[in-house]
């Protein structure tokens, strides 16, 4: 295979990361990123100097739609829903990394993003692309909505518990996630200058983050009942990665070992199962309050990779399960999942081009 | 005044920080830190090179008890409860930065720390030292239990809400706190080497952190009803500081402005009120999901200082108040509070020696 | 004393830091910072929330010149040389933190900064303010040119060697300095966003940094012969601090102990001598290439303080002295020195308001 | 091809990184790392959880020598020189990442490492493996000495200048390099704890780093005359990467454009030439002292990759060339070069398994 791939919106963190991963994908023959900005590809992405990639405009790319096997959108919301149909009708598989096709209900989109959806018909056939959850649907689709970075991390953290019916959902699911500063986009802002943000931590959007409703929409069919998510977000002192903790009240007592067993059943043990989801199941060696730093995954274990590492514990005093999931917000949370979805749509092995481990 | 001050346990992060602050205290005439380790004071605390401080042993200091006006304990749990009486009986004011005197009930201490309390009689007269809450009791005491770093930050975050009776306490208070690596002690551990922890984030003690029960004990008298705290802790990629978010379900709807008004009443506006607690009350300029990074305090705004900055928001969809409080875990969370308590015990202005702002 | 102090240019890193330190100065009664920008003082300097400081414009401050005891300039080059006379003639002591009065020769200023000097007459009476070197001149002056951050650090590192005539100056002095990102100003630039600069390092101005000629001008009278400086600069992954290494070819062999003795004679041992300059003179315990990380000062030992820590070694194979000096670029490298100079000009103890140790 | 590869010393940073890269190498069929320590492979390298790799002992591996196609040594000095012959005689290609085979002269080894070389005969046939410089010799060898991380970075920075005879070597070459904390090994040391080293910078081994003589040995044949290197090393606030600046006095005036042309001739433009060495040749747009942060490579542009990015400038006032080279100390500085050498020894395309770009 020698795939021709387009990337609409190639200047941002996500577009750059997608190009980086596509450059290492053995079945990709050409990569065509677009930009609206000045400056060469290597000036925007100095880590990709030497790759030979060059920018065109979105308009130039659109004229070559029939040459493309796959088109990715790494655009702000509102663009993919206007441009995706053009590529789909020329036969390209579409993976949209923006939020435009994430809500099955056009009304939900409008409530979250403040304008009516521009292509409800196309929206109706979009598949929400968490490969681990709905591999078959992804495989059959021509348009995949790539999940939000917080959403996919939370879904992987919570799905086994919800599917097993172990959660008392009269209490909200509490999701607390700390993201790298690459998650804030690359427009210069004073609060995100190195001299401001270094060594610091900063909460944002506490009144309600858009990934909250996205998450509820996805989790309800898994839980087979209404789900309320309490979503809390902050930026930490790192560029990449999401450290997410999801707390769920158990409907009946269970201990750490029982839940680990459940997660191992869901995701497999090591690579026998879901390749990209690893459950950290080291046994406890001590008593409460001996800090065993190896019990839960550290963020750095996944940065640069498409892996999601999961660890968990139970506050047995109150029967609350606490699940920690770590991902790279630009890989599993964006570009890596997008390629995993593409692989699935094209019938390639899911891991193609994504086997790199974290540094 | 020219106070003679002893510091039992002067090699760790807390002991070093206490000496640093005492060196800048205008009423302190002599500082006597102790150690059990090899190495000069300046080798253990190169930032304090030139201070002229030298170590003695705890035994040598104990023999000079009657010369001391104030004694601080920066020791692991189990030591202060055995040594405090000696100093108190020689007339020194005692500030214990360990956990030994934090639980009014000796049984609660035993449950949390695994051994019986060694001096229940002295424990009975200990005052829990959050100066902002119980200034009068601190002023009259000869033995203050300095609060845990998570506890004091959470108390300042939650007290106004609880005191006003605005919280539905049938739902637990959710406290999510990220601490610097100085909070992990200074014994070399692989997980806390720079080459492991840099750029990472790592949860710990999720099954139940000791500051959870400590916090419940303190908050219940404020709330005048039982309080359950869901305590969640992690280390972030910084040396100092606690970024704490406390979520509380409101018993009736209230908006951000109403709660800000409540907090300004509690802590004052600017420095007209509690000197060390500042409420960030910038108005919102945009709609949901425009990231306004100035709405909540950033951690770096307090590092190195005795200040606690507080900001808040309301998830109006679910009537949950979200309060962010940031402190320096070694200053307001330990050594700074300890000096604030000492000032209060001695009738000095509370801010003496503590006026430094964050870098 | 209750000094009235003005700060022209109070929005940048240096102006903010100067205000922070002045707030802790016991003899300062009022602080009047100016700005040309929107936003309150606390919005620009959230670490100083609660201080009560407010901005006026430079024009408003100029009208109140006769009320001021001291005026500081934290302005871009070109402003102080036009405004300083006004304040000086109204009786205020002037400390200029910009480069306007650093070159005794107006021609040298023009070569380095590209425009003629606006007030050569006032320039003629300016004193270059490294208090440790020319305390008496500073004490008598009404206008002090505060040194550049690299310059003062390099001067303290090299002065004892040069004064003792131990350097073969036919070889250039090599100065390699790594500065924090606060040294790059606070205008948002993509290269200095957290998501770009975190975990990285970036050289700049290698063709010749302006502090090179400044340094040569100052070192020549000390060395009593022409001096050539090879100046090399970079930004490291921290906000504050300069880690500077100066290499000087020895005119005759000397070992580490001999040079340490020379430095201790110059700066004193501990605080018996220059209060703000500390020489790290731990003996070597091992042989070459056993990394003894305590031999040279670490940057973090001075951040937040007005101290300069110095360590050194000799490459005996080639008779090259290697001196490491660390400072906080915003304190000893700017605002702290400026206050030290003010104290000296006013006859106050030099350490007044500057006794804080590093975190 | 399905290569069987052994890694003696698989617990350290280098051994782990080598395994990481080998896991992504399409021609590698099996990887056998050894250890002397407790703990599973995934506990030592949590980023490689799921890889299925397991440890054996060095003795167990030695017994299987005839099964191996390639053996790597990631051991402290003194081990490879005792064990390499065993594997070589069983037909395995040997790549030694330690210093044991880096000095052609056994006496030089003894001077630098303090004990006689254990296998001078094997040493005589070892090839110093900078593929870019001596590709043909590497291709023919069965034992390659992988260069030190500082050495290879400096060699790539300086070789074009030296080969062209443009350097006045009566002045030493000045090499100033800042390395990540992964370069300090993984034995816990207080100075390298996160709570000590974060946000700091720390020089070490200033009296003479072992890579200095190694570098002189390699550069002399290139320069065809004696070379003296002034080697200066420090640790910066990052885990991985070397930011190295090499200053060389020009034998006759040359400007930046001329030298860039020379480097482009040596390494090619983009990927037409040396795949892993990229020269940053953006033109200057401004005058001196306008900080153009894009002129020289930033460290983060190569971290995680096998690339070396090079930028340069000329201090025309003194005719000094300043070359900045950045590499990942664990990849191009160790494991990546080792695989590049293996590829070359086996006749594989050099880039096999090494095409990943930096994050």
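In order of appearance the chains are A, B, C and D, and numbering begins at 1 in each one.
We adopt the following convention: a contact is a pair of C-beta atoms (placed from the backbone, for glycine too) under 8 Å apart; a residue touches a chain by one contact, two chains touch by 3 or more.
It should be emphasised that the depicted structure is a prediction, and the values quoted were computed from it without experimental measurement.
*Asks:* With contacts defined as at the top, give the pair, A-C or A-B, that has more of them.
*Replies:* A-B is joined by more C-beta pairs in contact.
*Asks:* Need the CA-centroid distance for the pair chain A / chain B, whole Å please.
*Replies:* It comes to 37 Å between the two C-alpha centres.
*Asks:* Please work out the Cα centroid separation of chain A and chain C, and write it as a whole number of Å.
*Replies:* Taking the average C-alpha coordinate of chain A and of chain C, the gap between them is 47 Å.
*Asks:* Counting only residues that touch at least two other chains, what does the list for chain A look like?
*Replies:* Residue numbers touching two or more other chains: 184, 189, 192, 196-199, 237-239, 294, 298, 300, 303.
*Asks:* Please categorise the chain-chain contact pattern as a line, ring, star, complete graph or other.
*Replies:* complete
*Asks:* Sort out for me which residues of chain D touch chain A in the complex.
*Replies:* Within the complex, chain D touches chain A at residues 17, 20, 23-24, 43, 46-52, 198-199, 239-240, 270-271, 275, 278, 280, 282, 294, 297-298, 300-305, 307, 309, 355-359.
*Asks:* Chain D touches which residues of chain B in the complex?
*Replies:* 13, 180-182, 184, 186, 188-190, 192-199, 237-239
*Asks:* Can you check the complex and tell me which residues of chain A touch chain B?
*Replies:* 114, 171-172, 174, 176, 178, 184, 189, 191-192, 196-210, 228, 230, 232, 234, 236-239, 241, 243, 245, 247, 256, 287-289, 291-296, 298-300, 303, 311-318, 320, 322, 324, 326
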